[in-house]
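The two complexes that follow have chain A in common; it is paired with chain B in the first and with chain C in the second.
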Partner chain A sequence: MSTPTETPSETETEGGTRLSYETRDRLYNLALYGSAALFSAVILFPIYWMVQNAFTDSQTVITEFSWLPSPETVTLDNFSVLAAGAVPRYVINTIVVTAGTIVVVVAVSLVAGYGMARFRFRYKQSFAQFLLLGYMFSPIVLGLPLYLIWSEIGLLNAQIGLVIALSSISMPFAVWLMWKYIQTIPESMEESAWIAGASRWRTFWDVVVPQTKPAIVACALFAFAIAWNDFTFAQILLPSQESTTFAPGIMRLIDQGGYTSWGDIMAVSLLMTVPPLLFAYFLQEYLLKGFEVRTR
Partner chain B sequence: MASETVESTATADRRSVRGRLGLDGEALRGWATVAPVILLYLFVAVTPIAFAIYASLFEVPLLNPNWTFTGLSNYVEVLTMNSFWSSLWLGALFMVGSTVVQLLVGLWIALVLNQLDRGQRFLTAVAFTAYLVPTVIVVLVALFMFDVEVGVLHIAGSTLGLWGERTFALGDQTWAMPLVVLVGSWKFSIFVTIFTLAQLRAIPDRFYEAAKICGASRWEMFRDITLPRITGVLLIAVLLRAVFMFNKFDIIWMLTEGGPAGATTTLPILAYRTAFLHNDYGVANAMAVVMFVFLALGAYCYFRAFDPTAEVDT
Partner chain C sequence: MTVHIDNMTRVFDSPNADRIVAVDELSLTIEDGEFLTLVGPSGCGKTTTLRCVAGLDTPTAGTIRVDDRDVTELPPQQRDVALLFQDIALYPHMSVRENMEYGLKIAGVPEDERREHVAEAAALLQIGDQLDKMPASLSGGQQQRVALGRSLVRDPSVFLFDEPMSDLDAKLKRELRPVVQRITDEIGCPVLYVTHDQEEAMTMSDRIAIMDDGELQQAGSPKEVYSEPTNDFVGEFIGQPAMEFFDARVESANGTAAVSMGNHTVSLPATAAELEGYVDSPVRVGVRPQQIGIGDPAAGIEAEHVLDEPLGDETHSIFETEFGDVTVVTHADFDGDGDTDYGLVLDESATQLFDPDSGVRIH
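What follows is the complex of A and B.
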């Protein structure tokens, strides 16, 4: 308790030898806000560049270079890439696969998380550890053997095969999140529902599920990110041009050299970027709640 | 009152049954709820790995159903392949480079975010945006920005004399690897930030207030209060990043397809090429098994060092 009385005198005597407190503070704030500005610039510039060129006339994009959009060349024409050709099919395939993955991940992890939080059974800890091994599965290690297995059982080029693969690699995160989240919900509400005569299933559906909304949203967003981002699994498991998703599809188009209109590519890139941003923005309240439990 | 009696008899019942069988109704229902997860794992993880081990013992031309049993010769072939060792080295380079960059940048962003008084929400949104942009879009924008004709980064680099005016930087022997690392880090650094930020926010303000009263400098506060509290989480982040980066396929393949002249051919790229371009599925599976062994070692370290389940009470 002697320290508080000592310090003022210390700073007084050191005032001459060290930089004054205000100067240090100012330097510190400069570094702090300078870093913030630098990071914002590095992160935002590529996004700005994508947006600017998405709205620029595609001929101008490949002939002229300009930092700012000019009113004469601003156009929506690039977005017509979504009206014809192979790109719309890839986008639709991505949407189908993503929706399927979200449904499977949420349903499976909700039930499993509930079971792990509410039932006592032996080897539950080992099972939870085993689940975490899933973090170590990489799409390339699993994808290579899956290619022949899927082609044997007819899942190659089937979107359901991709949904199954993507759901599995989402499991460790999703199940752990649900498990931990449901643990934080007091059991007493369920108990009173049972006493009132509700079945276990009904209690789960009417009492537990509404309360796990933040965790459901977090899992759904996680599954969305996994599926929307996936390239490796889709590249290996959906080799045909008809069934494949956006990422491998557009890369194959570019590889074949038949597709170098940067204006079009930036336009469709922008469209593919908007959904994750919108979801994250509108669901951030839920998301933070979900992640808080996870990281605690 | 009534509820209590009902419950206590119920638990007593369960206990006696469990005592005898070890598997009562509750345990059965518990296992039933996790059965779909187990099925998914069996189907997508256990079977493929077992299959990869099996297939790695055969010579498997991809388009031919006739497998020839060759024992361990695929492994011998892999281990005596020059390209295997060079891609292992490049993979290590990519892994270490990416992990270091992502750790430093991610931690820096987290510390800045934690200290900002104004603009915190804005920078958080910006940082998360980078993580949310799909990998393929990061790649497409990077390819555009390095385009030899109109790429803004290409022009910037050639003006600074980093590469020639007609040199595609991602197709350049010296630049391909560093640029792939940097493009990846643009997206993935935030992973470290997310990991660290929650831990940073959990440090009570009064620690810093007390240190301030005692006359501690900012550096001392960071060293003695902040760092000890985030070391654990940083180690986990580093391990996960290293494991993920060792297995990274998508961003490298999309940016360079392993080129130029193998300058970015890491192990996953080599395995993919071996399977689908050289049509040597058995050898590719041997490589997958080798990668899996690395992963398992990573997993082992992860559990040894941190025991992530210890904190969970059930």
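What follows is the complex of A and C.
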């Protein structure tokens, strides 16, 4: 049996260059917190800058530079842009498109995921793999042909057209998640309902759907992020000023020639950042449940 | 209501293996009010049979009738059966009350009537104070009571059980058995109860049907299948501890028959004439461990003591013999000794003879 006093001598004999556990521990923590701090700075500083500029007098934003906001230049004036010009239109369009995408994604992924979990059909595995193939294309590659097709069938500048495009790129993930989630619900629960007289549809509605709540939230959140933050599809498929959403819209604010009101742009940006944060914050418990595969 | 299963076969096609015959030409009738238990080792086709009766599976051939109505192809929704699942299958997002009244709700029974039925069933099952809880907060035994209640309120015309107690511990099982019997008596419909536990089958059933490898081996009352097994499989499967078998040879002297196992001979109550065709041929002798006595090595099959399992009121003693390990039910005070030679004496009136090839009982 080795006594505690023997331990240091053992480390010495094993290799003189070897660092003690304490030093290694310290170095590890340094690297860990150092890298975390670096990444936080890269990600958080622009957000800080956005918030700071949104609340700063628009003239000051352009003419002066300061790390910290000074009390005399703080103002809410920039937010008046939200009620003026094309901005309200952009915001409403974004909300409509996002809501539409969430509804479509949740509805389709529930039905598709149920079908994949409960029915046997040929090439199911290949079909599932094919779904993931959708991720291999960048939005711009899909967007340009879609532009031609949409303009042909009259979906260009229609929000439903963008909803369809955004839903289809969200679908692979959502269907896959729902499929895996529904697989964890014991089939005997459905069988028990059938025997009690419930039709397959009724059983789906009464027994399966309520139990998929965490997966529904995860899919909704995913669709929300895709739709709310989308730039490429909206830019291509909603070219008109009237119908476009926030992301392409803000680009137009910048490009409005000569004078760029950074204060206004930051105010709009800030407003559009808040909903995703709230969404993620209040649903995080559900979200985590949705991603964990339950054990039987 | 009477359930008739006629020549039912269920074959599963599997893509990479041969076809699996889960149930092979099974014919069985469950009378009105009869509690029939389907028992057998796992994979014997008992659950497949039950699923076919429930409508969750469809037979490849044969028919299932309830009275005169052919239900073979009917979906489960139209069969008016109740099924208790092994994994209980309560809906986790509904309260106990909602779980119990779900079937009635589907059937369109008005709410006050539903409440009345649920209250009645809950009182009978002693879960009246659990109605507003969620299933997850109940114990396994209580959950199974709720599942029973869920079936009870619907007053089904056939009641099916798919190993409902196999996840419960021994004490809970014993507690729940009389509850199940009371409930099924109350409903008074044909009951098909599937289990792999022969003790459950023996204690609860009016009639037991033993299956092996997709085929029905024997159906009869618990006493009948215990004392008059049709073959060695039933003999071994029913009864605790399992029947012991010895390779033996039939001998005949002066018209009386005897079987010799090694150097031990047991005379039989049968005459040589009754064992026509087996005289001087090998047979298997089956004896229940309760019918084996301990004596001198000269008087029985030579045996060496291995270990004792005292159960309090009796002891299961295991001996090593030339026929392999043999379990004997001995007196509670029996204390085996590895140095002593024992002889196992078979009760001649309790020996059963089986054909060594087909396993069919000869005598």
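Note that in this section the second predicted complex is superposed on the first by the 273 of 296 C-alpha atoms of A that agree within 3 Å, B and C clash if a C-alpha of one lies under 4 Å from a C-alpha of the other, contacts with A are read in each partner's own complex, and residues count from 1 in each chain.
By our rule, a contact is a pair of C-beta atoms (placed from the backbone, for glycine too) under 8 Å apart; a residue touches a chain by one contact, two chains touch by 3 or more.
This structure is a prediction, so every number in the text was calculated from the model and none was measured.
The wider contact with chain A, measured as residues touched, comes from B rather than the other of chain B and chain C. In the overlay built on the shared chain, the residue A:E285 is in contact with neither chain B nor chain C. In the superposition on chain A, A:E242 makes contact with neither chain B nor chain C.
Shared-chain residue A:I62: touches chain B; no touch with chain C. By the touch criterion stated above, A:I195 is placed in contact with chain B and with chain C alike.
By the touch criterion stated above, A:P186 is placed in contact with chain C alone, chain B being left untouched. By the touch criterion stated above, A:Q211 is placed in contact with chain C alone, chain B being left untouched. When the shared chain is aligned, chain B comes close enough to touch A:A225, but chain C does not. In the superposition on chain A, chain A positions 191, 195 are in contact with chain B in one complex as well as with chain C in the other. Contacts from chain B toward chain A in the complex involve residues 3, 6-7, 22-23, 26-27, 29-34, 36-37, 40-41, 43-45, 47-49, 51-52, 55, 60, 108-109, 112, 115-116, 119, 122-123, 125-130, 132-145, 147, 149-150, 152, 155, 186, 194-195, 198-199, 213-215, 218, 240, 243-244, 247, 249-250, 253-254, 268, 271-272, 275-276, 281, 284-285, 288, 291-292, 295-296, 298-299, 302-303, 308-309, 312, 314. Remark: chain A residues 3-4, 7, 10-11, 28, 32-33, 35-36, 39-40, 42-44, 46-47, 49-50, 53, 61-65, 108-109, 111-112, 114-116, 119-122, 124-125, 127-142, 144-149, 164-165, 167-169, 171, 175, 180, 183, 191, 195, 225, 228-232, 235-236, 246-247, 250-251, 254, 262, 265-266, 269, 272-273, 276-277, 280-281, 291-292, 295-296 touch chain B in the complex.
The part of chain C that touches chain A in the complex is made up of residues 54-56, 75-77, 79, 81-83, 85-87, 89-93, 102-103, 106-107, 150, 154.
If you check the complex, the residues on chain A that touch chain C are 186, 188-189, 191-199, 202, 206-207, 210-211.
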